Amino acid sequence: MPASLAAVGASKEAFVQAVGGCYEKSPWVAERAFAQGPFASVSSIAAAMKQTLAEATDDEVLSLLRAHPDLAGRAALQGDVTAESAAEQAKAGLRSLTGEELSKLTSLNERYTAKFGFPFILAVRNASKRVIFASLERRMAGDLMEERAEALAQVHKIAWLRLLDAVEGNGKGFLTCHVLDVASGTPAAGMSVTLTRLGDHGDLPSSYAFTTNADGRLDGPALKGPDFCAGAYEWTFHVGEYFAATGVATAPTPFLGDVPIRFGIDNPEEHYHVPLLCSPWTFSTYRGS
Amino acid sequence: MPASLAAVGASKEAFVQAVGGCYEKSPWVAERAFAQGPFASVSSIAAAMKQTLAEATDDEVLSLLRAHPDLAGRAALQGDVTAESAAEQAKAGLRSLTGEELSKLTSLNERYTAKFGFPFILAVRNASKRVIFASLERRMAGDLMEERAEALAQVHKIAWLRLLDAVEGNGKGFLTCHVLDVASGTPAAGMSVTLTRLGDHGDLPSSYAFTTNADGRLDGPALKGPDFCAGAYEWTFHVGEYFAATGVATAPTPFLGDVPIRFGIDNPEEHYHVPLLCSPWTFSTYRGS
Amino acid sequence: MPASLAAVGASKEAFVQAVGGCYEKSPWVAERAFAQGPFASVSSIAAAMKQTLAEATDDEVLSLLRAHPDLAGRAALQGDVTAESAAEQAKAGLRSLTGEELSKLTSLNERYTAKFGFPFILAVRNASKRVIFASLERRMAGDLMEERAEALAQVHKIAWLRLLDAVEGNGKGFLTCHVLDVASGTPAAGMSVTLTRLGDHGDLPSSYAFTTNADGRLDGPALKGPDFCAGAYEWTFHVGEYFAATGVATAPTPFLGDVPIRFGIDNPEEHYHVPLLCSPWTFSTYRGS
Amino acid sequence: MPASLAAVGASKEAFVQAVGGCYEKSPWVAERAFAQGPFASVSSIAAAMKQTLAEATDDEVLSLLRAHPDLAGRAALQGDVTAESAAEQAKAGLRSLTGEELSKLTSLNERYTAKFGFPFILAVRNASKRVIFASLERRMAGDLMEERAEALAQVHKIAWLRLLDAVEGNGKGFLTCHVLDVASGTPAAGMSVTLTRLGDHGDLPSSYAFTTNADGRLDGPALKGPDFCAGAYEWTFHVGEYFAATGVATAPTPFLGDVPIRFGIDNPEEHYHVPLLCSPWTFSTYRGS
């Protein structure tokens, strides 16, 4: 259960207790960041810890990088890693590596560490084996400066995912939509739209139904407050039905019928605008604002 | 079982036997169109019949329009319609109308016929109740000239769907793909892509796996020959994995992970190019060439 | 000088005097449409006249179509056309046809009229010779119902352009913009944008400069009121400068530097939203809302 | 006058003479890179020098960074910089700084150097004053590792621009186009397209005219060989004319008329595919393949 922002901000001890594990074996990041509070959002805690690292010495950053376990390495196999690391490695399927894969990974890890002086770090929670091997080979070829910057970027990603598990968001984020008909240059009014939450989200509803209004928008946010949590979602836009009803020429078997748009919410404290532009023969989406 | 192009073209009798039902109760369309053969494709049969109607008299076209049964009308309820019409109306869920819906539809049909002099015609096989009611209300407001043109367009759609059921295609169509990374301005090489056939297609495989080559394309067509039939399909592009592997900055929970693109093939004798343009924050597709 | 909405609506006589020429030699359209007033916008006058034609008899519509002069025909050469038609034909360069072109056009016109029973009609003010010949050949191949619908659509376009010359808009339209950075999934803040009016617009300024705010938008409409008139415009988005400043990787000679977006305003009583979506390697625009 | 690839590759001396100035006051980069030859392209020379730096020691890279003059600094004002640096700073308008700007820039440069241990480096040839100040402020806030990586990326950009001035390309690059009509889902056939070269390019033609073929493409490359040089170009697509001719419904004053697409060619040894996707209400382009 994530703690509330209020609880986390109550004292330095509470703060470090809650978020001190975000940066691997480096509670000093949380300790120093606390002074930047009070914090009105999870995002500002993340920013404070990132800022702390920007102001840390080269040696401190290097120590942080070196504090990470090898991916699927001996420590992981023996259980000698933080609980967070173990859970993340498990989700990425690293426990199901074949012997050959494990041996290849170990060898790549060793070469990487020998070259750069710190272990290969990747935010693996959403990574697959394919991503891990491809990343390792690509990054092995980089130069030290680039690679330290990338390793640190991965460390910040890992910290963010751990932070979201540790602290409740401020509830200010929400999701909106807009559908434009680029065949006729008008808002797509009266289009049926559904939103589905992918994955396991406990008690939250998994599906919501909407109809676009005269401006091609939904009346109000599609999701907000506690319903709007990090994770994967999918709109289904009933584009074929819309064009059939409005009389735009389409093929007998339309090129576009029900159009799914799958997207991820990373920061539930932000506004996500995920629109659709469509004609009977094309569609596009993007993170808007 | 659809007949072969060779069998259909063997004689005028065979031709009319096979495709004379494409235009409702109007075998004369096929009879006249036969002279435009021989036909190397289903598409050219469709074009010949369309041309026949373009050269027909106003009265003949009007007779054709009037030959159509009311949607869900008394004739349909009593089974007094062609087998093709009955099957199409069933697929659109018109047999499951509530009493209120049926009564509303009957009343709209009557007003429409009174205004225009021919029944409301809609290619219903892929239409829903919602489309039918929306189309009827919209088209009721049109003027006669516009509406005759639209009714005829619907008639051609119905004829095409019936034709595809009646005659085998020439096998020359195929499906290709291309993935461009618009964040880096390069082909997206090494991206994992799967293609799934939606719906029921007998013995055909339902799923195919690919990896994009150095030019962001698949090596050869994704589908061709008899595998490439009319219907609905879905690409899944492993966009999140691709960007994670190439090192483009993405969110910890990426905005785009596995991206589905659902599309319909209407004419299996044509080339369909269905590409993906993507960055970590946008994607689009279109029917290309 | 266009008349005001108030002046035009003062009496049926004033109304017909002002807008009776919108439909060629058919003041009866304005006469009947007047009853749908009072009119708060030019758009509603256009809608009323369009509705009048939707309710007219087939013979009345046919008379209207037949009232149009041949494009560059004998009547035009002898000056025997309405002032509006003469001006429109002059703008399309029809007075500068070569002898060969004129003879081809005359022959096509005659064949068209013989086939359909009314002359070829095209809203020529923004058309080129190339468009005229291509349209004539395409439409010659159509069937009567389609072609009557298209001819009527052209008649409505001509009427709209004449109406905008005759009556002042209600001043409620305006122009907005939005720039999204689809490489980073954020609004493009701090981008320099200019707007230029193309063509001759009397005393109006020809150029305006803006900077996008934190949401990627301009502070307020770029144009509104009398400044926002029908015609052609061009945004210039300083995309190259934006990406250079924000540190997104670009080529030494960037693929995108200053990006022009040229667009037309047809109805100055409407809101036009003309946004830009861009990465260093792609951009798109559309009429939004 | 750029030297030929053959001349440049003739000896280590010739090589260093030609390209030794690409990396500021660091001919050792060219000296070491020479061993990776022979070079069949300017691109491979660039890659060899980049690789040399990837293999250089931290101290060597730091020395290279430190060898750069301050932008508009005392050295530049006194002429004590390499000819290449002086020319580049002049093109960016750095000689026309106001006293206030110069003093601000000097102060920012000093703070930057004090923080990072090397001067602020920016590939300024295509940069404006606005970009320089915005970049300086942004990069000042970065951490050392990120900033060294970015400084090195700028150094590589500068080297590439100098290299293109020093050595002739291999002539293998070319430019192609493709126009898709996303309103009808077909190639845009018969569209008139022009290509204009922006800037001063000596004896090269400044404009080329094309018409798209049945597949929406040009017959052969629009540019190739010596005509295809680095710099800025602009397509003009006659979209309004195309839609008017094909009969797609558009506004009386079309939203899209002549559509300009301005783009830069950075590497004249590569294939650039710069297509247009358009309906009457949207268009997009991207670097394709």
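Each chain carries a letter (A, B, C and D) given by its place in the written order, and its residues are counted from 1.
What we mean here is this: a residue touches a chain if its C-beta (ideal position, glycine included) is under 8 Å from a C-beta of that chain, and two chains touch if they have at least 3 such contacts.
Note that this is a predicted model, so its numbers are computed, not measured.
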item	value
Chain whose Cα centroid lies at the greatest distance from that of chain C	A
Which of A-C and A-D has more C-beta contact pairs	A-D
Where chain A and chain B are represented by their mean Cα positions, the distance between them in whole Å	38
Approximate Å spacing (C-alpha centroids) for the pair chain A, chain C	45
Mean-CA-position distance for chain D and chain A (Å)	33
Residues within chain B bordering two or more other chains	182, 185, 249, 251, 255, 277, 281-282, 284, 286-287
Chain contact topology (line, ring, star, complete or other)	complete
Chain B to chain D touching residues, read off their complex	178, 180, 182, 185-187, 215-216, 277, 284, 286-289
Residues of chain A touching chain D in the complex	53-54, 58, 61, 141-146, 148-149, 152, 182-185, 249, 251, 255, 277, 279-282, 284
Chain D partner contacts - residues on chain C that touch it in the complex	123, 125-128, 130-131, 134-135, 138-139, 150, 153, 157-158, 160-161, 190, 192, 230-232, 240-241, 244-247, 249, 251-260, 262-267, 277, 281-287
